[in-house]
């Protein structure tokens, strides 16, 4: 038999079996409603490859990736073109994972993949809180006549969980109507102290974090479909995430990395590191 | 008033009004079912920009682009994500152009955009012939469960026009079943003399040319979604096209250019030149 | 007739006619004296295309782009190689626009295109103030023997308007002589409070803003000819621009974007957003 | 349990277990002696990913990839920097595979990885023939003082198998001494008829094919370290390979793809297709 | 003292002193009248760097680069923006080299740099023949009102040497008027046998070869400003050049490489190899 | 004789002779143990070319580059593949420079090239202090079984100079063991006031600065092998460097720029500017 050693083809530090893992990592390579630069379909595999360039230790919280119990399930295979079928396939798989007692961490794909996840989570957790990191509101009721679009995804999420259960961070682009809605419903958090208070109050509730990587400034994250100047640095994003460290995070996703638009690979490496940090903080 | 002169925002040499034009140039920026590298949505505008780098004369047939009467209608605006709605929108617009007595030349977008065009054309021309240039058969009955996919588009076209009215050129990749189908139905032309004979026989019939740019070798056309080694040179493609010079070409399309994957711009410049030549030969 | 809907070929939100517009947007695709990486000639069309990826609302000042009255005149067509002829062509067109009572917003091209604009503006506004955002002084008297070069453009501007009417922001690179000149003439503003005072004092005067995009850090703006480390973030630039919000801005330009050097498109998207913000603030 | 379906992370069509497979596919991500552009270390994983864009059928020989029995063992993990240790690790793994009765197909990495493979194969097959496709002779006795370099690899191979057992195809660059050596030893085949005769004569002998992808023209294969103008088209290479169709191919490798230098991905897609064809012809 | 060895900063194999060299290699980094993608200013240094990736021997003519006596003078420093001054500077330097009894080989830069060279050469060689390799006629009398433009350069050359002394090879793009002119004056050679006869007849005359690299197909040479599909392969170009092997080549240039548009570096490597071959054949 | 003027092939502002120069600039194009993206071998020449885009004056310290006495020795030529031989070659050359009374400034190449420099320096300066800027600890005792790797280089340096003579700045990634070691030995400086005190205390000692450019954030420095999110801005790095302005800097290096991974050239331009600033501050 071959002696190797061989490079693994799974995420760095992922465990060998599904049964014992606390978290399931799952790739959702769908970008069918993206209205600007596509290519987020290539993100899950690109991030998996890039994970092997990471070190295993987080000096930020003095904790090692090896302490985290997670299983890399791979990427779902989609029949591109059939949006509704794909959304159902995602929901069904998340349903299964939740039935098996798992927490899930999805790597998109475009932001619309968050919707079927929330459908699944809200069935199991009727009091689900969603924390939404993004440059864009994604709160349109419809976009070019479509209700199921990445520009409407958080409006659809609100239809399910209610506006009182949504918190938004980093939003800096949208229509006037969307900003007015955020002001009315006080979903947008911009002061960290207030945010900390709110997160402490909901510390007993199940929380889902959905993170569109364009919340980061385009200088940090050029590899995304709709680059929006004026965003966070990596350190600022980490500070915001750490506010949630004592919360009960039951699910997460990282969406909208489009790796081919950053040929240096820095965007992909940054998302891989972000995924590692999120698993270390919340895993 | 400003004196300019200003650069045009339309295709080089396009006429100012729709009414008198013989041909209508129309962009179809849809790439929603593409199963490999996306980005063909950016092709119509990229080719329009690149047209201004062309000269107006074709030494191959000693004819000038200025002799061609065509109108650049611009690019349709699509609600990405809703495939069926988009296909209908294309069909309706082509219906209108045909009703107005025009011939149309569409720049895709992915290959699925050919289907609604053929639907429209076959209503007006019941004896329509389709000549299909491509690296791939696109003859699957379904792909990942979907019947409306760029991998199935020519099968859907055959459903409409019948296999006896399809001719295929340059195909070099597909499933065994697709190649068996081509052998049975003798749709694949590989000898130019035989092709010339066939095209002469059908010289009184209306012909639609659909040209997937990956019929060209990836060295000539790296900027496409599914690069397939072993294709034609530009000169070989021109030779094939000239075989149709005496036919009655009532419609054409050029699909599957993905400009961002060729940062040199050579792929886009080549498609612009190809479009100019096709209009000069058949316009 | 075709039903569309079609994508516009003009800048997002531009009005259909010149006559009623308050502002004229005009592209100046000239890069003939650029001494480092060229390619700014491609900026005006690239920014126009990218404008369609923007949203129409500025949350920073709670105002909508649709409230702004501007007309996209397109890009001037230049006989590259003949610098003096091109400068004259720009001056003549700006003269016309000013005669028609317009305010103009030019997208370069290299920084030398600012000179003929200032020539035209100073004829109409003898007390013109120029506010200059840049990484580089551009104050050389000559560069490699040439007086008409992008490295000398602000010196030529000073020859016209006088040093007391120039204010400079963000400068971080130049020759010792140029920095000494700035110190002597106190043109360089580095304290925002002092700047605010000055801008208040001149609130009744006509102001032209010329903004070389390399005032932004190369991390934010890699797509420029002479990348100079140590620049502003996007948010810092916006803060500086807002200091001028109550001034009478009669003309503006945005120069030195070289889109092909940033294949992610983030630089181009950032300039498009900057242009939208400037029109919303000053339009 | 998750229902998927999931995208596989192994080579398209690879079998699930090592034991029953006839061929073993193995990645050798080493590029430590490369004297020009590095990055071939990224080739094995890039080709694996790209394999999923291929169709399974070869119209050239009317045979399906599914008929081939092969196992994708993954990529060896190397301690970069220690050339001699890495070469030994490769040799040991190939030894094991041969002991298990396998045929091996390695994806490099640089050309030096061929040497330890030949060491292993010549132990099992003392009458081994090596057929060498390349742009470069690789026949220097030493390069910059080093005997173990990618520029010397075929000289080292000759030290093991003898010059009478080496055949070279496509060579178009080297030192005068190397070309003189090839003329003296008649290793260079340039006439296909003569080659066919020779290959027929040795049809009972074990043959190892080593293919440096720069044997292809840089237009077809820009993604390689030392691009050498004047090479083969893909079709010409296939014709040469088919001459060996009746030989007993016991091992193969494909080396010197450097994927990051071809951002279109066409080079990687071409190597994936080449690997599929070689397995279909010789597997 | 430092022992090195150090990499040279000059062209591979260039001699150390000017006095004894037969040929002078000189870089002309000017791209001021280029009407499409600029950046040829970066070619001379990029080709110099790439020369070190070449081997020294030409198997095509069995001759070594070391036998050629040439001196790398470096690149002229230009005041970009002042076209007329730059053209004069080139002419003066070539005058000097010719006065010193040298033959010169210039690496452009855009094609306009050929004009001042021909001015200098025709003073020394009143019976000068120019052989012109190009995709484009470059025979316009003026372009956008300019007589000194890269699109007019060969017309200006004809003004000096007369149409009977111009031969053109590979031309495939131009205006009808330019093609008519070529037909009238029989400058375009398309049959190699006829060309060989002509070149034999003029074997006692001084010949200058000007080679625009876009004579090669864009697949071989994506890194150029105006990519024109349908060009020569590298081997075809070499065949054409070898027809001139017995002529008296007194000067040469290689123009229009734009290295940044081919990030694989293959275009630059190809131009470096072409330069080596031309020096070996004609040096 | 040619009149030029010619562009220099050396670093901007470098002096013509070695003998009188205080500093020697030397390129070390080695990347053989790099475990992630390679290509740092191209950095020394790329930075040399980019130096010509810089201005000569540092407004930060009001001092001109022309006041610095340095000689650009060029780049060492290495036999890639033989790590130990290359390290020895570097050490010998640095030994010579030190024997000649020079201070040296090396441009890598990967970080392992620092080790032989420290070997040479510690022979001449037994009380050598090393100040280490980096994203990564580089303190592993071995990496994949190798003691001579870029991941271990600072551990090897400590073996020579002792942990009390190492100071580290900007470190944000490593194994737990490495961070524990830094805490134990207090090598990591994160407070500028404390750092200033320490540097004042050692103002009479010889200091070597080794600067891995990935200490900068990947937004500022995408062109490096292992991009690590969360790093310094350019201005922060300059602030740290200025703390050492009164120290006795006897040697420096700048390592790990990989220019081909940042096609905008901003990374290379930033390293060139950093080198200029370091020479102006410490030269």
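Here the chain labels run A, B, C, D, E and F in written order, and each chain numbers its own residues starting at 1.
In this section, contacts are C-beta pairs under 8 Å (C-beta built on N, C-alpha and C of every residue); 3 or more make two chains touch, one makes a residue touch a chain.
Bear in mind that the values here come from a model prediction, so they are computed numbers and not experimental data.
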Task: Same or different residue numbers at the subunit A/subunit D copy interface, by half rule - done: same
Open item on the list: Half is the threshold here, strictly exceeded: which of A-D, C-E or C-F has more than half of its contact pairs identical to B-D by residue number?
Closed with: C-F
Open item on the list: Roughly how far is subunit E from subunit F, centre to centre by C-alpha average, rounded to an integer in Å?
Closed with: 40
- [ ] Starting from the mean Cα coordinates of subunit B and subunit F, work out the distance between those two points in Å.
- [x] 55
Task: Whole-Å gap separating subunit B and subunit E, where each centre is the average of the chain's CA atoms - done: 38
Open item on the list: Which positions in subunit E are in touch with at least two other chains?
Closed with: 37, 77, 217, 219-220, 260-263
Open item on the list: So with touch defined the way it is at the top, what topology do the chains form here? Options are line, ring, star, complete, other.
Closed with: other
Task: Interchain contacts (touch definition) - all pairs - done: A-B, A-C, A-D, A-F, B-C, B-D, B-E, C-E, C-F, D-E, D-F, E-F
Task: Footprint of subunit E on subunit F - complex, ascending - done: 1-10, 18, 24, 26-27, 29, 45, 49, 73-77, 92-93, 96-97, 100, 260, 263
Open item on the list: Taking the touch rule as given, give the residues of subunit F at its contact with subunit A in the complex, in rising order.
Closed with: 36-37, 136, 172-176, 179, 217-220, 222-223, 226-230, 261-263
Open item on the list: Quick check on the complex: what are the subunit A residues that touch subunit F?
Closed with: 53, 55-57, 59, 62, 64, 217, 219-220, 233-235, 238, 262-266, 269-270, 273-274
Task: Contact set on subunit B toward subunit A in their complex - done: 31-35, 37-39, 41, 77-83, 85, 112, 143-146, 148-149, 260-261
